[in-house]
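Got some structures for you, see below.
There are two complexes below, and they share chain A, which is joined by chain B in the first and by chain C in the second.
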Partner chain A sequence: MKKYLFIIKTEIMSNLQYIFNVIFGYVGYFILLFILFNLWKYLYSDPNELINGYSMSQMMWYVVITEILWMALGGKKLNTKICNDVKSGNITYNINKPYSYIGYSLSTHLGDILVKGVVYFLLGMLTGLIFLGKFPSLNIIQVIVVIITMFLATIISILIIMALSLVAFFIEDATPFYWVYSKLILILGTIFPIEYFPVIFQKILNFSPIYVVSYGPAKLFVDFSWKSAVVIIIAQIIYIFIAYIICQIIYKKGVKRINVNGG
Partner chain B sequence: MAIIEVKKLSKNFKVKLKEKGFKGSIKSIFKPKHKIVKAVKNISFNVEKGEIVAFIGPNGAGKSTTIKMLTSILFPDKGSIKVLGLNPMQDRKKLAYEIGTVFGQKEQLWTHLTPYDNFKFFGAIYDIPDAAVERKIEELKVLFELDDFINTPVRNLSLGQRIRCEIVASLIHNPKILFLDEPTIGLDPVVKENIRSLIKRMNKEYKTTIFLTSHDVGDIEKLCKRVIIINNGQIVLDDSMENLKYHYLNKKIVEAKMKEKINLDDEDGITILKDKGYNLKIEVDTTKRSVADAIKLLNPDNIIDINISNIPLEDIISNIYKNKD
Partner chain C sequence: MLMAVRNQIKVIFLSIKYALMRELLNKTTFLSNVIFMVLNNSSMIIQWLILFSIRDNFGDYGLKQVILLIGLSSSIYGFAHFFFEKSFKLSETINTGKLDAYIVQPKNILLSTITSDIQVSALGDLLFGLIVYLFYGFSFPSFILYYIFTMTGGLILVCISVIFHSLSFWFNNADLGADTINNMMINVSTYPDSIFKGAVKWLLFTIIPVGIANYIPVKIITSFNPYLFIINISVCLLFIVITFIIFYKGLRRYSSSNLMSARI
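Up next, the complex of A and B:
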């Protein structure tokens, strides 16, 4: 475990060289948030009106959180990197090191996005506060719980994207899998909460990754309850466990098939 | 004691085939065709502790495939490998702590970080206590003369400096065997020489066994006492450098500048390589004729200048490749 923390620390050190890129990257997040804020403002004729159980302020804070999770994740970068590593054979240079490739990739990507995540979180809160005037009513312990669920959500997202990318061991191009997954997450949980969909569909979504990677943490932030918090965290831990096992199985099967051209 | 034991090792690759043109591309979707490339065919060899062995061969000969099987990167199809008594496929993690690898064409350092931070990173992933890493860095810094750039980000280093750091990074955990895959590729002659002397010093100081692949004859000649030549996936020669030179350096090149033109034809033991009237270049096979005999044929009184040299090792090796094709 210690070595993986060191990998995260090393990646953060490497990324701190580009802290201004992270801050400028926030512009994209801000524009998206601005568009969504105006969209919801238009849809809510009365700010006190409830649509599918959400007030306008709750809806806007919901997207602040889901967009942080979405924008800071760097899913495309991770997907491209792993697919290229597998296709080019670069992945092999990690095989004979004393760490697990899954653990190493998870740690490097976490280190890569952690600074971005913290910056986006702070600036996202500030933006929300400027637009909406006040935070949802949460105490400091509850905020920490939300941050923990956001962190776990990020780990699950990374593991799922890794599993989808490692399929490159078996097929020529694995990028379409990520494309479909990312669009599903974007629509079914990032822009719209689960409650916006038909009841039967909601039951399926509650057992899908969408519940743990975007909806859960955002819902907790806008409508905190300890019961939901416990359910979300347990679901997240189960998802991490399952996603990690799937990654390991794909990796172990795939690595035996690897062909590396040499000199 | 053999530190690397390879017995009847084979590795095949399945390569996709595609017929030419657009039609071929469509056809390959519905009826994909593959061919089996035999990269390594039934090779066996041992490496003793403390040896520096050159493992050489032309492109596509199977040397990198072999090195990757020895370092647990690739799974062999047949045969057995024991490195330090471990099976690279079953004891991958255990073996990782005992060996170091440097691939000249692949960076393993973090380019945005300094060499020092990189060494600390490698120390951490090999579970070495902090104080021991510091001591090791200090020691290697002196041996590899890194003082001037140990705190400069790797991206700002020259290729030669980077390779030195790559080697140091692979030595942080005191590996018993170091696998070097073309460590001097792309370096200028001065830097090459520097890297070679550092590798030699390292072998002497730490008794590290070195398994080296290279296209550079200089690397082989100056570093290795033993050479294994692989071609078309098979070992075509496994001998000491001394024997290689002894058996294959029985030909001498004689270049002479003459006062007067001389008429000389190929005869037993003598081959005319170049005849430009006053300048003559001949090859003498010393198993058939002595160099003194050859000079007598030229008439010593007629010679203004003479140069007698060995056939370059590069030519010897490429001849071995060709003859065993």
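Up next, the complex of A and C:
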């Protein structure tokens, strides 16, 4: 565990050198948020109106949180890196090292995005406050719980993207799987809460990764309840365990197929 | 002059042909890229079906117009990224000194550079655009207009990208700005202009020309307006001229890195 924490620390130190890039990257997040704010403003003719149980302010804060989770994640970068590692054979450099490739990739990427995540969170809160005038009513402990669920959601997202990317062992380019996954998360988890879908579909979504990687933390932020918090955290821990096992299975099966010519 | 243009076009198509042949070496990857991109884009339709279940229209846009807008945006993106993929990575080419390989060719440097690579998945965007257009409703005049606007919109997208990436000749990290503008163009283009108001709407029809590339064409296809058509074509030509001026001004500041490389 110590070695993985060291990898995370190294990545954080490295990213702090490029803090300007992180802040500049926030512009992209802000634009997306701005579009969605305009969209919801247009949809809510009256700000106090409730659509599927959400007020305009709740909907916008929901989007702030889900977009932080998605934009700070850097999923495309992770997907490209793992696909390239597999395609180029670079993955072999990790085989004889005293760590697991899954653990190494997870900690590298986590370290890589932690600075971004904190900056996006702070600036996202500020943007939301400027646009909406006030925060949802949460006390400090509830905010900490939301942050914990956001952190766990990020770990699950990384593991899922890793599992999808490791399919590159079998079909060379696994990027298309990532596209579809990212769009599913965007439509089913980022822009709309689960309540916007038909009841039968809601039941399926409640057991899907969307519940733990985007809906759960955002729902807690706009409508906190301790019961939901416990359910979400338990579901996230189960998902981390399952996603990690799946990554290991794909990796172990895939790594047997490696055929590297020396050079 | 005409001969030179003909030769240039021939070289562009040869470059694209060889890039496509290279990608076709792995047919599974090629097909999965195209098919999954179609599926990926289809999710936008789901998003708008949900939004239209809340409200019947978005200003001038009904569901049919929004679907047309999504299809056109997808086609524009596909056209730009299939034929001119390198225009979206131009900063890297400039910063790493890889322009050398194009400067020594007896052809137009900008065109040779930006057409030297393709994005296979962009074929999926083009295919999705065609499917959506057919769903919207086929008629010969609208079909011609749809693909004229795919080209003008694609060229505007490419021009914006080249202009901002060309700032790499003057500044470090210009790619960050270029990527942000490109993403902004793509993100905004799938939402109708009726949700934007005031200064933002003005920006979308001027500095960030999503309005010219996407919104005006949808208005023309649904109800033909010759003035708007002329505006679309003129702005496209204007952007092409500005792009060439800025790129070649910047090119004077370019210095070779003496990088030895082979284009295979």
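Assume the second predicted complex is superposed on the first by the 263 of 263 C-alpha atoms of A that agree within 3 Å, B and C clash if a C-alpha of one lies under 4 Å from a C-alpha of the other, contacts with A are read in each partner's own complex, and residues count from 1 in each chain.
Here is the rule we use: a contact is a pair of C-beta atoms (placed from the backbone, for glycine too) under 8 Å apart; a residue touches a chain by one contact, two chains touch by 3 or more.
Computed from a predicted structure; not experimentally measured.
Q: Overlay done on chain A, so just call it for chain B and chain C: clash or fit.
A: By the criteria stated at the top, chain C and chain B fit after superposition, with no clash.
Q: Pick one for A:Ile258: touches chain B only (first), chain C only (second), both, or neither.
A: Only chain B; A:Ile258 stays clear of chain C.
Q: Of the partners chain B and chain C, which touch A:Leu123 in the superposed model: first, second, both, neither?
A: So A:Leu123 meets neither chain B nor chain C here.
Q: Just to be sure I read the superposition right, which of the two partners does A:Thr10 touch: chain B = first, chain C = second, or both, or neither?
A: A:Thr10 contacts chain B only, not chain C.
Q: Going by the contact rule set out at the top, does A:Val27 touch chain B (first), chain C (second), both, or neither?
A: second
Q: Counting only touches as set out at the top, which of chain B and chain C does A:Leu138 meet: first, second, both, neither?
A: Neither chain B nor chain C is touched by A:Leu138.
Q: Could you look at A:Ile242 and tell me whether it touches chain B, chain C, both or neither (first, second, both, neither)?
A: The answer is neither, since A:Ile242 touches no partner chain.
Q: Thinking of the overlay built on chain A, is A:Ile147 touched by chain B (first), by chain C (second), by both, or by neither?
A: Neither: A:Ile147 stays clear of chain B and chain C.
Q: What is the contact status of A:Asn90 with respect to chain B (first) and chain C (second): first, second, both, or neither?
A: In the superposition, A:Asn90 contacts chain B only.
Q: Tell me which touches more residues of chain A here: chain C or chain B.
A: Partner touching more chain A residues in the overlay: C.
Q: In the overlay of the two complexes, what angle sits at the CA centre of chain A between those of chain B and chain C, given in steps of 10 degrees?
A: 80
Q: Considering only C-alpha atoms, give the closest distance between chain B and chain C in the superposition, rounded to the nearest Å.
A: 5
Q: Which of the residues in chain A come into contact with chain C in the complex?
A: Going by the criterion above, the answer is residues 21, 24-25, 27-28, 31-32, 34-35, 38-39, 41-43, 51, 171-173, 175-177, 179-180, 183-184, 186-187, 191-192, 196-197.
Q: Quick one: which bits of chain A touch chain B in the complex? Just the residue numbers, please.
A: Contact set of chain A toward chain B: 2-3, 6-7, 10, 13-15, 17, 90, 92-93, 95-99, 256, 258-263.
Q: Spell out the residues on chain B that touch chain A in their complex, using ranges where they run on.
A: It comes out as residues 13-15, 59-60, 62-65, 67-68, 71-75, 92-93, 95-97, 99, 101, 103, 105-106, 108, 110, 112-113, 117, 121, 124-127, 153, 181-182, 213, 215.
Q: Could you list, by residue number, the parts of chain C that touch chain A in their complex?
A: Chain C reaches chain A through residues 26, 28-29, 32-33, 35-37, 39-40, 43-44, 46-47, 50-51, 54-55, 58, 121, 173, 176-177, 179-180, 183-184, 187-188, 191, 194-197, 200.
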